[in-house]
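A, B and C are the chain letters, set down in written order, and residue numbers restart from 1 in every chain.
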Amino acid sequence: MKLNILNELREKNPVVLSAANFVTVQDVANSLNAIGASPIMSKEIAEAEEMVKMASSVTLNLGTLTQLQIAQMKKIGALATQDKKPIVFDPVAVGAVNYRLQTAQDLLHSFPVSIIRGNAGEIAALGGFEWNARGIDAGSGSGNLDQITQKTAQKLDCVVIASGATDTISNGKKIAHVYNGTPLFQAHVGSGDVLSSIVAAFAAVWADPFEAAQTATLVFAATGELLAKDQPKIGPGTFGMHLIDYLSKVQVADIEKIAKFD
Amino acid sequence: MKLNILNELREKNPVVLSAANFVTVQDVANSLNAIGASPIMSKEIAEAEEMVKMASSVTLNLGTLTQLQIAQMKKIGALATQDKKPIVFDPVAVGAVNYRLQTAQDLLHSFPVSIIRGNAGEIAALGGFEWNARGIDAGSGSGNLDQITQKTAQKLDCVVIASGATDTISNGKKIAHVYNGTPLFQAHVGSGDVLSSIVAAFAAVWADPFEAAQTATLVFAATGELLAKDQPKIGPGTFGMHLIDYLSKVQVADIEKIAKFD
Amino acid sequence: MKLNILNELREKNPVVLSAANFVTVQDVANSLNAIGASPIMSKEIAEAEEMVKMASSVTLNLGTLTQLQIAQMKKIGALATQDKKPIVFDPVAVGAVNYRLQTAQDLLHSFPVSIIRGNAGEIAALGGFEWNARGIDAGSGSGNLDQITQKTAQKLDCVVIASGATDTISNGKKIAHVYNGTPLFQAHVGSGDVLSSIVAAFAAVWADPFEAAQTATLVFAATGELLAKDQPKIGPGTFGMHLIDYLSKVQVADIEKIAKFD
C-alpha cells in the first residue's frame, strides 16, 4: 500500500475536474479541497477543452445525467484521453436503470477510463452479472464479488472498485480489499460520489491506477472509521460535515495504525 | 394519528423519486435516507419511465423550475398516475411569482396529485385566496388558514398541507393540525422541501394520503422540536445537519411523548 | 465603516435574487437567510422579469455557467439595470479559463454592475493584469493588489472587492482593506460565493455600493474570525455550517470589538 501518495497529493494540490451530479456536488467539492486537491466543476461543453487542459484528472458521475451532460462527458472523455489524464467513472444507478446502463456502456465505448468506482450492484451491471440492485443502493446478490470485480475489470480493461462494507479492487489480474470503514458511509448520501472524486485526486498524482485506487479507498475508508471511533454517537448528517474535517487533517500515520487490507 | 406508518416506512424502505430543486437537493436526499426511504433524483426525461416504475412515490418541486424540468414533470406525472404511485407536489414561490402559479396550475391540470405541501402563501395562491406572499417565504395574510386549506383541497381534489408554525392539513372534508415544531424550521432554507419529500415517503407505504400527510407532518415537526429542546443554542446551519441525525434515530415513542395535534 | 447597515438589512429583510452555481447554492441560500435577507434562486429566463421586480438586488455567479444561464444573466442584468437594482457579479475562475473571461467581459459590456467580488486572480484577469491563477483558487502573482483592484474598478466603472487573507476594496478612487478573517474561509469551498451574495444583501439596503461592499466584507470576515476564535479546532466542513449559525446571531457590537480595517 502506497500511503505516501497522500503526501504527494497534498504537495501537488492537483486540479480535479468533475462532471458532477447536483445532489452531492457540494460534498464532493469540499472533500476534494479537504484532502488536498483543487476541485473544479463544469457544465458547459464550450469550456471542456480548457478545463481538461487545466485538470490533472477527471471524474464523470452519472448521478443526475442529462443528454446535454452526456455530450459534455463524451467531449471531456475524448480530450482527457488525448491529454493522457486519468478518468474516473462513477456509474450511479446503472444496476437499477437500464437507460443509465446503456448510457454508461455508450460512454465506455467512446473512450477508455482508468478507474470505475461503483457499488456492488453497479459493478455487477457493468460486468453483465446478475444482481438485484435497488435505486442508488447496492441491493443484494449472490455472486462472488471478487470474481465480479475482476471480470468487470478485465472486460472493461480498467481498474474497478466495488465499494461497500468491504471494498474490492481489481485491475483484472490482482485483487485487493479494504476492510476499514463504518456503516455511516452507507447512511450518508454521496459517500460513493466523494470516494470517486478522491480516487481521481490520487490518480492525478500517481501513475499506477491500481495503486492509486487502492490507496485512495483505504484513506477514505480509514478516515471515516477514525471519525466513527472518535464520535461513536454521530449521525449520518453530521458525519458528512465532520468527515470533511477529518479528510483535511488525517495523516499517513493515523491510517497506518488502523489499516486493514490485503 | 397513525404513528406506526413510521415503522412501516423503515421496514419497506421505499424508493422515492424527486424532481428536485438544486438549492436543497442534498438535504432532501439525506433526509429521505435518514427517515428510512431510498432517494433517487432524476433530471432526464428519457429515464422517466424506468424511474417511475422503480419508485413507490414521487415528489415534484417547483423551487428552481426550468421549461425542460416542467416537461419532465409532466411525463413523470402522467406515468405515476398510470401506475397509481402517489404524487406530492411542492409549489415553491407560487404565491410570489405569477409564472410559477401558472406553471403549477398547468401541471395540476395535466395530472392529479395526492398531496400538495406548501407554506400559507403558496397554498392561498393555489386556492385563489388573497395573501401577501414574499419570495420563498409565506408572507402574511388575514385569511382563515383552516378555510384556505380546506377549500384549496376541495378545489384541487387532493390533500393539502399548509405548513408553518402550526401545520394545517385537509383533504377537503377533515381538517387536522400539528402544533409541534421550532422556529429553526423557518430559519433553515429547505425545511419545506424536506417535509414534502418525507410526506412522499409516508405516502409510499400508506394508502390513505390524509393519514400519511398528517403523520409525516407530525413526525417531522416533532423531530425538529426534539432537537431544538436537546440543543437549545443550536443555530440554523447546524440545525439542518443535526435534523438529519435526528430523523435517522427518532422513534415512535419519542414522538408520542411530545405530540401535539388535533 | 457603516456597521449599522447590518441592522438596516435585518429590519428590511430584502429579497436577493441569485443566478447561482450548483456547487455552493445551498450554502449561499442559508447564509443569505441567516444574515437577514430572503434568498430566491432562479434558472428559468421566462420568470426573470418577475424575479427582478420582486428582488432588491441580484447576484450573478459564473461558477458553473451554461449558455442557457448566460442568456438568463443577460436578461436579468438588463432588467435590473432598468429597475435600478444593484447587481453583484462573481467571476468564478475567469483567471484560469479564457472562455469564462470572455463570457464575463461580454456580460460586463451588456449591462453595468455595481460590485464585482472575486479573488485576486479573478480580479487581475478582469483588469487585464498578469497573474498566475489556478482553477477556482486565487493562485499567486507579483502585482500590487491595491493597484490591480483600483485600476480594475476604474476600468469597469464599479466597486471591486478582491477578497483573500486581506480583502481589498476600491471604487476606483478610494481603497479600503479588511484585515479580519480566518484561513478556514479558503479551506471551505464557496466562501467567496457566499460573500458575494452577502454583499448583494447589503447593497440591497444601502445606496452607496462602496460602503455596502466594505461593510459586508467586514461583517463576513469578522464573523468567520469570531467563529474560528471560539472553536479553534474546527475544520473546514463544520466551519461552513457553524458560519451560518454565526451569521444569524452576530451583532454590530461583536464586530466592533475585533474589526481591523482601513
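Here is the rule we go by: a residue touches a chain if its C-beta (ideal position, glycine included) is under 8 Å from a C-beta of that chain, and two chains touch if they have at least 3 such contacts.
Owing to the predicted nature of the structure, the values given are computational and were not obtained by experimental measurement.
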item: Required minimum of steps from subunit A to subunit C, each step between chains that touch; value: 1
item: Rotation, 0 to 180 degrees and nearest 5, that superposes subunit B on copy subunit C via CA atoms; value: 120
item: Subunit A and subunit B, separation of their C-alpha mean positions in angstrom; value: 32
item: Set of subunit C residues in contact with two or more other chains; value: 22, 26, 240-241
item: Touching residues on subunit C, where the partner in the complex is subunit A; value: 21-24, 26-27, 63-67, 93, 96-100, 134-137, 187-190, 234-238, 240-241
item: Parts of subunit C lying in touch with subunit B, wherever the complex brings them together; value: 15, 20, 22, 25-26, 29-30, 33-34, 38-44, 46-47, 50-51, 54, 240-249
